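As written, the chains take the letters A, B, C, D and E, and residue 1 is the first residue of each chain.
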Amino acid sequence: MDMQGKFIPRAQLDDWLAELAARFRVWTPRRAGQEDSGAVVYLPEARQPELNRKPTESAKRVIFPRSEPLLRFLRKPDPDQTGQKSLELQVPDADGPNLVFGLPPCDARGFLVLDPVYAGVKGQAGDSYYLRRRSQTVLIARACSRALTTCFCHWVGGSPSSTEGLDVLATEIQEGFLLQPLTPQGEEVLDSKLLLSAGKEQMEAAQSAWQAAEKTLGPGADMQGAQEALRALFDNAAFWQAEAASCLSCGVCTHLCPTCYCFNITDEAVGEKGVRLRSWDACMFSLYTQEASGHNPRQDKAARLKNRIGHKFSYYPELYQTRNACVGCGRCIKSCPSRLDIRAVLTKALALSRPAAGKPETTAPATVRPAAKPKVNKPATSKPVAAKPGAAKRGKEASHA
Amino acid sequence: MKIGVFICHCGSNIAATVDVKKVAETAGRMAEVVYATDAMYACSEPGQQAIEEAVKKYALSGVVVASCSPRMHEATFRRTVERAGLNRYMFEMANIREHVSWIGRDQGPNTVKAIELVRMAVEKLRLNRALIPRKLPATRRALVIGGGVAGIQASLDCAEAGLEVVLVEREPSIGGKMSKLDKTFPTVDCSSCILGPRMVDVAQHERITLYAYSEIESVSGYVGNFEVVIRKKAAYVDWDKCTGCGLCIEKCPSKKNFDRFNEGLGSAAAINIPFPQAIPKKAVIRAEDCRQFQGKKCGICAKFCPTGAINHEQQDELVTIQVGAIVAATGYDLADWTVYGEYGAGRYADVITSLQYERMLSASGPFGGHIKRPSNGEEPKSVVFIQCVASRDPSIGRPYCSGFCCMYTAKQAIMTRDHIPDSQSYVFYMDIRSPGKGYDEFTRRAQEEYGAQYVRGRVSQVYPRGNKLVVRGADTLLGSQVEVEADLVVLAVGGEGSREAAGLAEKLRISYDSFGFFLEGHPKLKPVETNTAGVFLAGSCQGLKDIPFSVSQGSAAAAKTLALLSRDMLESDPQTAQVDIKRCIGCGKCIQVCPFQAIREADLRGQSKAEVLEAVCQGCGLCNATCPQGAIQLSHFTDNQVLAEVEALLCP
Amino acid sequence: MPDTARRPVFEPSAPNPYLPQVATVLEVIQETHNIKSFRLRLDDEQAWAKFSFEPGQLGQLSLFGVGESTFVINSSPTRKDYLQFSVMRAGEVTSALHGLLPGDKIGLRAPLGNSFPYKELKGKNLVFIGGGIGMAPMRTLLLYMLDNRTDYGDITLLYGARSPQDFSYAEDREDWLKRKDMRTVLTIDSPAEGWEHRVGLIPNVLTELKPSPENTVAVTCGPPIMIRFTLQALEKLGFVPEQIITTLEKRMKCGIGICGRCNIGEKYVCVDGPVFTYAQLKSMVNEL
Amino acid sequence: MSVSSTVSGAAAPELRIVGFLCNWCSYGGADTAGVGRFIQPTDLRIIRLPCSGRTNPLFIAKALLQGADGVLVSGCHPRDCHYAEGNFYARRRLEVFKQLLPVLGVDPRRFEYTWVSASEGQRWQMVVSKFTEQIHSLGPARRLPGAPELEWLRESAG
Amino acid sequence: MAVQEELKKIILGLLPQVDCVIGWGPGPDLLCASPYFMRRPEEVDNFLAGPMATQNTALYLPEYKGKKVALVVKGCDSRSVAQLLAEKLIAREEVRIIGFPCAGVADMGKIAARLAPHGEPGEAEKAVYGEKELRITMAGRELVLPLAEIKADKCLRCAHPNAVFSDHFAGEKAAGNDDEFKDLAALETMSLEDRFSFWEKEMSRCVRCYACRNACPLCVCRDHCVASSRDPHWLTQADGVSDKLLFQVTHALHLAGRCTGCGECQRACPAGIPVLLLKRALSRAVEGLFGHSAGLDPETRPPLLTFQVEERTIKEKAW
């Protein structure tokens, strides 16, 4: 198999995307809205991807749509029995293969968090809707050239050029992009006459781009023991109330998050026809756990914030015996209307569990800058593979220490 | 749910322009419809029978009838489904006659429209819930507000039928306007001769409690269970002691006061009994006229009172009573005629109102039954009556006909000739309205037997010439200007709702119009009911009426009151607002807008919640449209039910 | 080349976990003013023949157009003419379920969740403590045990409700009271005309009954406040947490451990539950 | 659906007009018009409410955004409200709502509110005729695209 | 920043009397602050006021019902407080209001737009707000953005930069501007057709996170919003524009006559949808019809919760 990277000049990018669009529904991050506001969102439009700004939302909706029909139902008069109706259930047709071009590597890693959930836990059947789409989606990430102040992928085993979960890594170098296949599907999509073979110089240029990007990351953190720390804090209501004080209970963090996967199931019907929808829900919404009796196990926002953070850094890794359910994309910080900083909460939780490090006040403000103590991050991801992009990150993390 | 749909032909009323069979066939495929058919006359005996049978045969849980307006037959079909064992609210109607077949000529669009109206009804019905009226105990006592002839009639009828009655009258005596009248048309019998005994009956009836010189302070509660606070105004006379001997009146040094009962024609003492036949016959001191209250040393009345009834320290007293029903019979007031500058606007002593004229004619009146010119006490020989003063005059905002002026003017013209045989009456009129029994004959008698000269036309001006008044107007029949020299001008002033009606309406939570008349429940079918359950209307407070009509309405209101309170338990309409306690956040917006104060704040484990007083709620749904989260829903017209109808139209 | 994407596998033939089976309502029983029981069977004869479940497992009832809601199957696997569910009217779905009539079509996803450890309970004495609708999940286990009576030791049932009108399962109750091979105690919260059984709150009556913890397991279900005091009473009687079993209720949607709302820490009630021992609950985070 | 409209005689396809009428006055007025056989265009579909005050402007918003070409609200004349005050509140809310429409890009003429009493059959005929004509002159309204996952629901249901 | 220091003094003085003082403190970066809940004197050191103090502190008030809190308010925040008081959603005796002259807050969207050629705001290594400008260091280069260019639109038209009422006030009162509803005028240069398309396009980005709702200090429904309720069932959970826009219309109508124009809904929107415009349209209508601006008087009843028998300003259609 030809493992060699390809190169596409910037000017040809749209042509290649158009070519891909014949086989896939091609999603790209696109600028949308007015100049002073607007956002970068993933749209099924194979042209002019916005690659210089981090998409406002994660790419999860390509595989886990904001809303999708699980089934349809239809009632008809029963021809055999006056006064009765028959019921017919249909599963809507699946949509075709998707391809995402230009997502940041953290978004791709997000799918790795969703995968074990949807593959079925403890012998449960897998979620066929997710699995079908997931198996048919090709992910082409673009390596980040700079980290944002809100980025913390390196806290959770990622890096600006991580290849985890990718089919192709694209790295912006002069005049174009280096495209490196990482899977057979990746190989396949790079099989185009529009693409040129990449040379050694281009490989080196990419390498230095990755390294430059690593340097822009903020201080790292030692996440060791987060699971236990959060569990130990479970009954510390004062801690969570203080941390959640500014929380609005909105769904910005969960809806933009690449790893949040909660959903609701609701029926919509008109006359004798109906659709059962699965749509995004958010554990930050009060009604999420509200029971019919009115009882709500997570009535206040502190309990909900605790669950969200607990889920990401304690319950999920415990249940699936794997990574944290967070890829450090930082959207929950960047877009939070109250600018609640999950890093600050984690840092404080960890500090509380490490008596040696001294006890910060539980009600101290949620800022990361003054609090963050850079620490070596243990890579939690797959073993380094030589000559693969992303390998550089390991070295870098140490250098940040 | 299993729904049955019945499409009515209404003979050819519907079937002529709607493909009834097709509507039924399409309805059969609608959501949860398991049976759909057409019927020649759904409301007929066999039609209703068929519905009942289908409900049983197909175990239907809801019924849609597509026929005429629900305002016509909803009640009929509700009874039908109830007989079939369903709750009466598990029923919906599609109006395919008044709203379809009668207003559109083409069968195509009519049929499509009928189908859609049926679909709307089906979709709404799917969300209907059985509603069960609440049983409420009722206080078997009625309150009658206003002791005019209508109120007296209502009180006596109720009391005769065994109900306890509380009659509240704002003036010191009952009797109302009728007690001021001399004679009554068309029989010309003496007003006080026919009213007097009725007033005495009121006073003597063991089941009637009379609060004269009292007003309604507040009304709370709801049908069957009103709580009314009555303000007994201070008369400064202990009525338990007062015998009505009149000595105080005689001795009172302050005599030149405005005589309310006599419409200002005479003068009254500061302590007074309005008229000899007053019920109750008790003295009242008017503080504004009394020297003692003006800070002057007086107290003469107290000195002379043989029973020591005078009490200048007396205070208003509040009395709270419980009643099951309320009859408002607050009558009318004369409209303001002083707006007519051309009639002298109150400047000429010899231009008087018809009611003043009645007092003049009355033998117990200030002039002892003699007609005199107020300016000089001379007997007038030429009397001009001007009709439609403050009636039928949109220019002053009084567009309606007061209804009784034509008749009393004719009566007054007759009485004038009776009193002064050599007098001449002139009546300026617009039209003569005399549609009662013996009425038209009466107006003719005035002209033919009593020589009253009727001039058709409006008076343009009244002005003095010497010691006479000149009345100038147009005779529209002759098409010429006329001028009459008059000794006395009587203005047939129209009426309007009592000036205190608006305030009372708000206390009673009933509607009133811009003329101060209370709004009846339905102009034809509920003439004495109001939209507030348990509140009825009698007499001119609902619209101007003459005596026979007022008396009939008094009896009608009494009949309604009796029917209502004949049961120990009342049923409340269950189409009321309901609060979803789990969703209510206690913001209080519903409470602010409720026109009936039917919602109050209640405490639920430390949280503030809205609570609907079901018996007070009239089911308007304003709260429902106000509540941002839809936590308060009007039963039978919930958001989801309305949305289902909208949805049914938008997703055909 | 290593496939770093490690896509999860999609088996087109794998069952769709969200697709309910169509069932028909056979019978509707009005138990109390706000509880109805529904008996139903699957329309697909083959599926019905194959259908099996264990006492304590859940089912998702679907009312198409309204939604799904989770209930314990409260009939016994030993009596398979129908599946029974008891529904207390509370929210949208339960209200709509109350409108069901025999012959109506309904969706069913079942069985879901774990079950009572009925095999491990063999040879033990059992104390069932149920309050109100909480009797429903225990009914399945009780009926199962009565149908396999010889496998189990003494059986005591303490069933409480607010008033005599709030008891469900009239027919069963008569049978249970009559049976010689179990002891049935009924109690209501406050005295009522014509009531021949006990009066008093469940934990108090339990304390009076004084069941021996010796070789005994207590199974309890009911409203949270009752559970709280019942657990205290049981511990006072000498029951250790391992000897106490309860079933939990949570808001559930997917029923297969994905959608995320019924978690207690890393446990999902729909998958790891609904049956937990008190010992298990104690080891979990405190978020009921 | 394309059914020809009747009154104008022109074969204009019927448009989707929703009416919210209070039970006491305007619904009665529409009945009166029917009893009087006052021929009207057939486009209007009437939803009966107890009071114009029950009309949540959001009913209108939903209708206009999701497929109605016109919405008409009619209640009792001011002061004649069966519930004394309902139409006073309605008047404020509906007027404010009407002013929002152009900002949404919806022609405000697609929504009107008015007062018709139970006896005003002829006025009702006039209102319906003029409003229908107004909507026809505006033509079919744009509809916001529904969610693709729900489109199936809107396809020719029973 | 003399005002900031003066505010700190006031806060310190109030701390012993209240459960907490709500103001602003450091955010995750230096461009935008976070709401800050001060209970202890040492926490007051980090208090911030200035262009970065964007959030409306009034949002949190209803949560603290029954407790006494002090609030540092910008002019717009104080109007929210006044409106909450007018609707009796909070108790006057439970809040202490600390006002100061607000010079306007920064709009992150505008900053991003101005920085676009160089990168995005999150890449800033340093950001310092001066009296008249924001200095940002990116990739080692300092960029100067005049505050006038990055000030939020609502500040440019703000008529009440000082608290409309307060118990304490730091600094000298600032002058306000006139609100001529130019934002609406800009939209209204478009044809109706284009406006419809505009909303269709803008709303398509909505992710239904409801930050707009939850950031609104006057959204009273909070946990019981019709957005997800089934009874009433106004909206589906489908991902369609019509539901999303209908939600915005719902929010706007619920705020008609109540919205004080604080703009938090729009600021909170991660997708940058100009959702404030709809509320502005209603505010303009209510102002025109009833002469009412919300949040200026804690005593006035919202105009849609009352009526007049004769409405002189409502011109009904003449048929």
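Note that contacts are C-beta pairs under 8 Å (C-beta built on N, C-alpha and C of every residue); 3 or more make two chains touch, one makes a residue touch a chain.
Note that this is a predicted model, so its numbers are computed, not measured.
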The larger set of C-beta contacts, choosing between B-C and A-B, lies at A-B
Chain centres computed over CA atoms; the one at greatest distance from subunit B is chain A
Between the Cα centroids of subunit C and subunit D the separation in whole angstrom comes to 51
Rounded to the nearest Å, the gap separating the Cα centres of subunit C and subunit E is 49
Taking each chain's mean CA coordinate, subunit A and subunit C are separated, in whole Å, by 38
Multi-chain contacts in subunit E, i.e. residues touching at least two other chains, fall at 222, 224, 230-231, 234, 236, 238-239
For subunit D, residue numbers touching 2 or more other chains are 62, 66, 79, 85, 89, 93, 147, 149-150, 153-154, 157-158
Residues in subunit B with touches to at least two other chains are numbered 2, 29-31, 59, 582, 593, 626, 639, 643, 651
Interface with subunit A, subunit B side, in the complex: residues 2, 28-32, 34-35, 58-59, 119, 123, 582, 647-648, 651
Touching subunit E in the complex, subunit D uses residues 57-58, 61-62, 65-66, 78-79, 85, 88-89, 91-93, 95-97, 99-100, 102-107, 112-114, 123, 126-127, 130, 142-150
Per the touch rule, the subunit B residues reaching subunit E in their complex are 580, 582-585, 587-589, 592-593, 626, 628-631, 633, 638-640, 643
Counting only contacts in the complex, subunit E reaches subunit A at residues 25-29, 32-37, 39-40, 43, 46, 55, 59-60, 107, 109-110, 113, 119-120, 122-124, 139, 201-202, 204-205, 207-211, 213-215, 222-224, 228, 230, 236-239, 264, 266-274
Residue positions on subunit E within touch of subunit B in the complex are 87-89, 220-222, 224-226, 229, 231-234, 254, 301, 305-306
